[in-house]
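Structure first, then comments.
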Amino acid sequence: MRMTRIVKLILENYESDNPGTKSNIARILMNGKLGGTGRLLILPVDQGYEHGPARSFAPNPEAYDPHYHYKLAIDAGLSAYAAPLGMIEAGANSYVGQIPTILKINSSNSWATSKDQAVHGSVDDALRLGCSAVGFSIYPGSDHQFEMMEELREIALEAKQLGLAVVVWSYPRGGDLSKEGETAIDVCAYAAHMAALMGAHIIKVKPPSVHVEQDEAKKAYKDVNLKSLSNRVSHVMKSSFNHRRIVVFSGGAAKDTEGLLDEIREIRDGGGHGSIIGRNTFQRPRDEAIILLNKIIDIYKGKD
Amino acid sequence: MRMTRIVKLILENYESDNPGTKSNIARILMNGKLGGTGRLLILPVDQGYEHGPARSFAPNPEAYDPHYHYKLAIDAGLSAYAAPLGMIEAGANSYVGQIPTILKINSSNSWATSKDQAVHGSVDDALRLGCSAVGFSIYPGSDHQFEMMEELREIALEAKQLGLAVVVWSYPRGGDLSKEGETAIDVCAYAAHMAALMGAHIIKVKPPSVHVEQDEAKKAYKDVNLKSLSNRVSHVMKSSFNHRRIVVFSGGAAKDTEGLLDEIREIRDGGGHGSIIGRNTFQRPRDEAIILLNKIIDIYKGKD
Amino acid sequence: MRMTRIVKLILENYESDNPGTKSNIARILMNGKLGGTGRLLILPVDQGYEHGPARSFAPNPEAYDPHYHYKLAIDAGLSAYAAPLGMIEAGANSYVGQIPTILKINSSNSWATSKDQAVHGSVDDALRLGCSAVGFSIYPGSDHQFEMMEELREIALEAKQLGLAVVVWSYPRGGDLSKEGETAIDVCAYAAHMAALMGAHIIKVKPPSVHVEQDEAKKAYKDVNLKSLSNRVSHVMKSSFNHRRIVVFSGGAAKDTEGLLDEIREIRDGGGHGSIIGRNTFQRPRDEAIILLNKIIDIYKGKD
Amino acid sequence: MRMTRIVKLILENYESDNPGTKSNIARILMNGKLGGTGRLLILPVDQGYEHGPARSFAPNPEAYDPHYHYKLAIDAGLSAYAAPLGMIEAGANSYVGQIPTILKINSSNSWATSKDQAVHGSVDDALRLGCSAVGFSIYPGSDHQFEMMEELREIALEAKQLGLAVVVWSYPRGGDLSKEGETAIDVCAYAAHMAALMGAHIIKVKPPSVHVEQDEAKKAYKDVNLKSLSNRVSHVMKSSFNHRRIVVFSGGAAKDTEGLLDEIREIRDGGGHGSIIGRNTFQRPRDEAIILLNKIIDIYKGKD
Amino acid sequence: MRMTRIVKLILENYESDNPGTKSNIARILMNGKLGGTGRLLILPVDQGYEHGPARSFAPNPEAYDPHYHYKLAIDAGLSAYAAPLGMIEAGANSYVGQIPTILKINSSNSWATSKDQAVHGSVDDALRLGCSAVGFSIYPGSDHQFEMMEELREIALEAKQLGLAVVVWSYPRGGDLSKEGETAIDVCAYAAHMAALMGAHIIKVKPPSVHVEQDEAKKAYKDVNLKSLSNRVSHVMKSSFNHRRIVVFSGGAAKDTEGLLDEIREIRDGGGHGSIIGRNTFQRPRDEAIILLNKIIDIYKGKD
C-alpha cells in the first residue's frame, strides 16, 4: 500500500498515537475508490438495532442478510463497513481482509426508556474479528451523557494501547435540547469538539442546520458565516481541532437523491472528510445503491 | 534545574508524597518565567468542553487549533498547561518536554442536566502523554458531589502511587447553594479545605466574595477581616492547611484588564500561589494575551 | 482489497482461526507484487542480532540504517518485512501502513553458548507497532528445544486470541544432529511438520538436501523420490499437513545468483509458497537487490 | 443422547468432578459404535510429532492430511480422536461436532536429548477448539518426571475448573528403569495408579508383561496370578482405584493382526475399558483399517 | 524548557514511542550544562553493588554518603544520575526535581558465581521515585544472556507503556569471549546493535579497542578504518541504527586524566553522544572531580 501525501499529512495529526493505531486509520483511508484521497465513505448498518429489522430492511428484503452489506460495501468500493457485533461475526470470515471493519460497540433501540445505549461489544471482540476500529455513540445532552462518556474513556484507552482506531458517533439529544437543536450548528460543532476532546480519531456528526440552539452561543456566531451548508461544515471542521481530526457526516434526514448529492457537495466544499451513509443506500435496490454510492465517490473525488 | 529555597519549602509541605509526585510538583514550580518564585501561572483550556468551541474560540479563531494553546503557554513562559485528553493528544508530541502538562480528567458541558461531570481520561493516559499531573473537578454541594469525590479518590490514589501530582478544581454549586453563595468566602474557604482534605496537591478555587452563605458560619466570621480580597484570599490560604497546600485562583467573571490585574495583586498580597486563567487570555489576540500574561507574571514577581 | 480465489482457498485451510488472524494472513498474501498469487516473498533482517552488524551490513553500508530495509521491502514490492523489536520501532511510524510487518520475537547471537534464543518481544509490542504477525524460532533437536516450544505455546495462544498470525522459523540443530543433518530431507520435513503441529500459520524451513539423517527414517524414504530439490520441497509440503500450511524457504547457503534463482524455481515447482531471503538481498547494492527480488517475483509468478 | 445404566455407573465414580467435566466424559463414552457400552476405542495421531512425518505416514500417504484422521475416526465409529494442536486446528471446523476430540498437549520427538516433553497446547486451546479433554504424557521414572507431573497438575486443575476431562498417558521410562521394565506388570500397575492419584479421568498405559521389575515388589506379587494378559490387565484395573477410573491400553509393539486382536480380547476379559490404537490403523490402507477397527469394536461388544 | 533543533532531531528518531517516553528522553538531553547540545554526561554509581563499598568509596570517604553523588551530579551540571534502588531512595526527596535520575534495576556483585545479575528494582519504583528512565545491564555472551534479555523484555515494555525511557548497559562477557574480546571493536559494535534491537533508547558500551575478536567477523572489518578511537566510535554509532539511537561510553579502564580526556575527544569526534563516568569522578576529591567533569563538558561542547 503506497501512502499518498495527503494521507501522510492526515496521519501526522495523530501525533501521540502508536503505529498500530495509525496503521488502522491508514487502512481505512487507503481502502476502496477513495483510497489515498484523504476522503472516506463508510457504510454503517446499525439501524436494525436502533429501529428493528422490518423498518430497516423491509424496503429492500435482501438487506436482511448480513452478507448483503459486506458485499455492498466491497462492491461499491467504500472505505469501511461499520456494524454491531453479530453483523460483523456473521460475515467476518467470508469477507476476511476485503474491507476494513468498524465494530460498533454500543446501541440504543426503539424500546429504550432512557437516552442511553447498551455496550454490547469489546476491544477483544474487535481484535478477534480483525476490525480496524471500534465505534461508540455518545448522546451529549442526555441525562446519561456522563455515563456514556465514561464507558467511552475505558474503551478508547484500551483500543489505543492495542493499536485500534476509535470512531465516535456524537449525537446530541435528550435533556434540554429541542428536536431542532439536535442538528443546530452550535450543537453539531460542540458535539464534534467534545468527541475530539475525548480522544476520538474519527468523528461522526449530522450535517448542521443554520439554527443556533443556545442563547449563550448566539453572540459567538454573530460574525460566523453560516449561510451555506459548506460554511457550516467548515465551522464544524474548525471546531474539530482546526481540521486535525477526521470528521464524517451522516446522510441526515430522508431526502431525494439530488438533495443528498447536493448536501455531499457542500460537505466536500466545507472540507468535511466524508460521509457515513446507511439507510439512504441499503434501503434501495442494490444496483441503485451502487450507482448512488459511485456518484458520491465522484463528488468526493472532485469530479462532480 | 536548581531548586530555589522557596520551592524547597513548598515541597516540604508535601511530606508524605513520594519523590515522583514531588518531582512533578517541582517541575511545575520551576518552569517558565515564575520558575523558582513559589508562584505559578497556569493556562487551562477546557472551555471548549464546558461551553462549546464557538463561545470559546470564535473571539480569536486561531485558538481553534490545539497547537495554539501549547505555543501560547510556552511562549508566554507559563508554569503549566491544562487541558482534556484530545487537546493534549493533539500536541503532546510536537511540544514534548517544553511545558509541564496537566491532564484534565473530567468535564461538564453546557447541556448537562445534572451538576456532575464525565470522567474522560485516566492516569495511564497521563503517563503515556508525559503529563505532570491529573486535574479533576468536584462540585461540593451538588447532588452528585459524593460520586465525584469517590471518583477523585481512586484517581488520586493511583496518581500518587505512580508519581503524578493531583490538581483539584473545587467549585461549589448545586444543592442548596445560592448562585451568590458559589463564591462566598465561607464557601470558597470550605471548598479549598475539602480539596486539601481529599489529598489534592494543587487546589483551584474562585476568588472569594465578601458574602457569607451559611447562617451557621456567620458567627465564626464575625471577627475575621474580610474587607479586601487580599484578606479573603489570606483566609482561604489559612483554610488550606495554613498555607501548606498550593492554591491557585481562577480569573473569575469577565472584567476589564485593569480589574483583572488588581484582583491578581490582591491574590498575591493575600498569599495565593498564583492564577489559572483561560478565557481572559486565549480569547484575545495572541500579542495582547502575551502582554497580559507578562503583566500578571510581573505582579507575581512583585515588580508591579 | 479484492481477495483472489487462490488466496481464499489458502485461508480456508486455517479453519479454526478467527477472522482477525485470517485478516493478517490475508494482508501478507495480498500485499506487493505477488499479492493474490498465493506465493509470497519476505525480507527478514535479524542477521544483525544473529551475526553482528558488521558481518551483516558492512558489505552494503546503507543497510546499517533501519529505514533502508523498510524502503527496500516496500520498493521491491515484497509481501512482508520481518525484524526484531528495535528495527521495527525505528521505522514503524515512518512507513506506517505501507507493508505488513512480522515482529521477530526471539533471537540467538554469535556468542550463544547454548542452542537457545532470547525472547525479546511480545504480542503487545506487535499490536502497538501495527504488526500482522509474530515470528518465533525453535531449534528442534537442541537441548533447549522443549523450553523454546513452551515459550512458543504461550506466545502463539495469545497472538491467536488477539488476531495476529504466527510465523515459526523451524531450524533443527544441536543435540545429536550432525551439521549435514540440519538440512537433511527427513529433518526438514520433520521440522516443518512439528511447526505445523504446534499451530504455526506460516512455517520457515531451509531448502532440504538429499541426505537422510535418521537411520530409523531411511526405510520410510525408500520409495520417496528425493532426486530433485522440487521433489524434496514437495515432500516438505506434504509433511506440512498435505499443503494445508504456508511454507516458505530460506535462501540457504551463499551461492551465485543463478544458483539462487534455480533453487527458487525448484521451490516453486515443488509447491513451496515462497521465500524469505535476507542476506542475499540486503548485502548487495540496492539496485542489484531490487533486480534480484524482481527476478524472484517473476519466477514465483511463473514468468521464468 | 440417552445415557445407559453402565455409563451412569462409570460417571458416578467421578464423584467430585463438576457436571461440565462429567458431560465431556459422557460424550466420549456415548459416542460411536461403542457408545453406551462402557467401552471405548480412541484414535491417537501424535506419531508425526514423536517420530516425524515420513516414518508415520509414508506407509499410507493419504495420512499426511489431517482431515484423513478425522474422517477415519468418524467413519469407523470410534469414541474419540486425540492429536496435538495443529492437527486439531486443521480439521476442527470441518468436522465440528462429529466426534469428541482430545487435545494432546505435550509431545517428545526423535531428537529429544532428555526424557521429557514439550508442552505445546493449553486448556484455552482445547476450549476454543471444542475438545472434550486434554491429553498429557508423563514419564514416571525419568529425571524430568517431577517437572512433568507439576505441569500436569496445573493443566489438570485448570481443565477441571473449566469442565474438561483429563487423559493421562502414563509411560514409565528413563532413570533406573530397564527397557524390559517399561512394560513390567508392577511398573504398569504403578504407572496407572500414579495417574489416578494425580487426578486423571482416563488413563492410558501399555499392556503389561509378566516381568516384575522391582525387587522390593516381588514379594507382593508372589500370590498374584499374572499368567495371562487378562489377569495382568485385571491387576492394573484393581490398581486404578479398584476399577473406578477408565483405563485404556495402547496397541503395544507391532504384531500381526491376529496377535493384536487376541491382546484386545484379553484386555476386555481383564476388565480394561478399551484401546487407543494409532499406527496399527492409519499405517494401513483406509479400507483395511476400518475392517480392523470394526473387529476391535466387535470384540469390545462381546461379539467375538 | 525550550527544545533545541538538535534535540528535536534526536527525539524524532524515537518514532514509535509515546510522548511520555519522549519527554523523559528530552529531560535528560535538556538538563545541565550540556542541555540542548545533543550530548550528555551521566554519573553512574553502582560500583558499591558491584565491588563493595570500601573498594568503591574508601579513596574518597565522603562518597559513602548517597547525598554526595546527587550533589556532585547537580553541582557539576550533569545530564542525569544513575544508581540502584537504595541510592535513589536515600536522596530522591532531598534533591527532588534537581536532576533526571535513572533507576539501575539490576546488578551483579563480587560474590557472583555466575555471569548474571539480580533484578532489584521495578518500573513502579522508578515512577514513585520520579525517575526519568530505568537502566538495565545485559551480558551478551554469558551463559545467562538469554535470561537477562528476557528480563529486559518485560521491563522495557512496561516502561514504554508508562512513559519512561530505557537505558541498556550492554557489556559482553562470559562464555567464549576472551578478556581482551570484551572491548573488541566487533564485540562493542555488536553489543550496541543488540541493545538497539531489543528496543533500548539509550545504550551504554565500553570504548572499543582495535582488536577484532571473532574470526568470522575479520573479513567484514577488512575495509573498515579502525585506526583511531574516533573511527571505532563512529563504527559503533553506525551499528546503533546508523546514529538513530543515543549511545554513551563508559570511562573504560583506569588511566590518567589526560588519557581520559583524549578518549573523550575521540568519542566526540566519532559522533558518540556522551559519556557515563563513575569511578573516575567520585573516587577523587570533589573539587578535582568537578574540574574534571567541566573539562569533559567543555570537550563535548567543542571548546577543547
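Labels for the chains are A, B, C, D and E, by order of writing; each one numbers its residues from 1.
What we mean here is this: contacts are C-beta pairs under 8 Å (C-beta built on N, C-alpha and C of every residue); 3 or more make two chains touch, one makes a residue touch a chain.
Worth saying up front: this structure is predicted, and the values here are computed from it rather than measured.
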Exercise for the section: Determine the set of chains touching chain A that also touch chain B. Expected result: E
Exercise for the section: Starting from the mean Cα coordinates of chain D and chain E, work out the distance between those two points in Å. Expected result: 57
Fill in the blank from the handout: Chain-centre distance (mean CA atoms) for chain A and chain E, in whole Å, is 49
Problem - Touching two or more other chains - residue numbers and ranges from chain A - result: 15-16, 18-19, 161
Problem - Chain contact topology (line, ring, star, complete or other) - result: other
Practice task
Note which residues of chain E are touching chain C in the complex, please.
Solution key: 13-17, 140-143, 145-146, 148-150, 152-154, 157, 161, 172, 174-177, 186, 189-190, 193-194, 196-200, 214, 216-217, 219-221, 223-224, 235, 238-239, 241-242, 244-245
Exercise for the section: In the complex, go through chain E and note every residue touching chain B. Expected result: 1-3, 11, 18-24, 26-27, 30-31, 74, 92-93, 95-99, 124, 127-131, 161-163
Completion exercise
Counting only contacts in the complex, chain A reaches chain E at residues 15-16, 18-19, 161
Practice task
Mind listing the chain B positions that touch chain A in their complex?
Solution key: 48-49, 51-55, 57-59, 61, 64-66, 84-94, 107, 109-114, 116-122, 124-125, 128-129
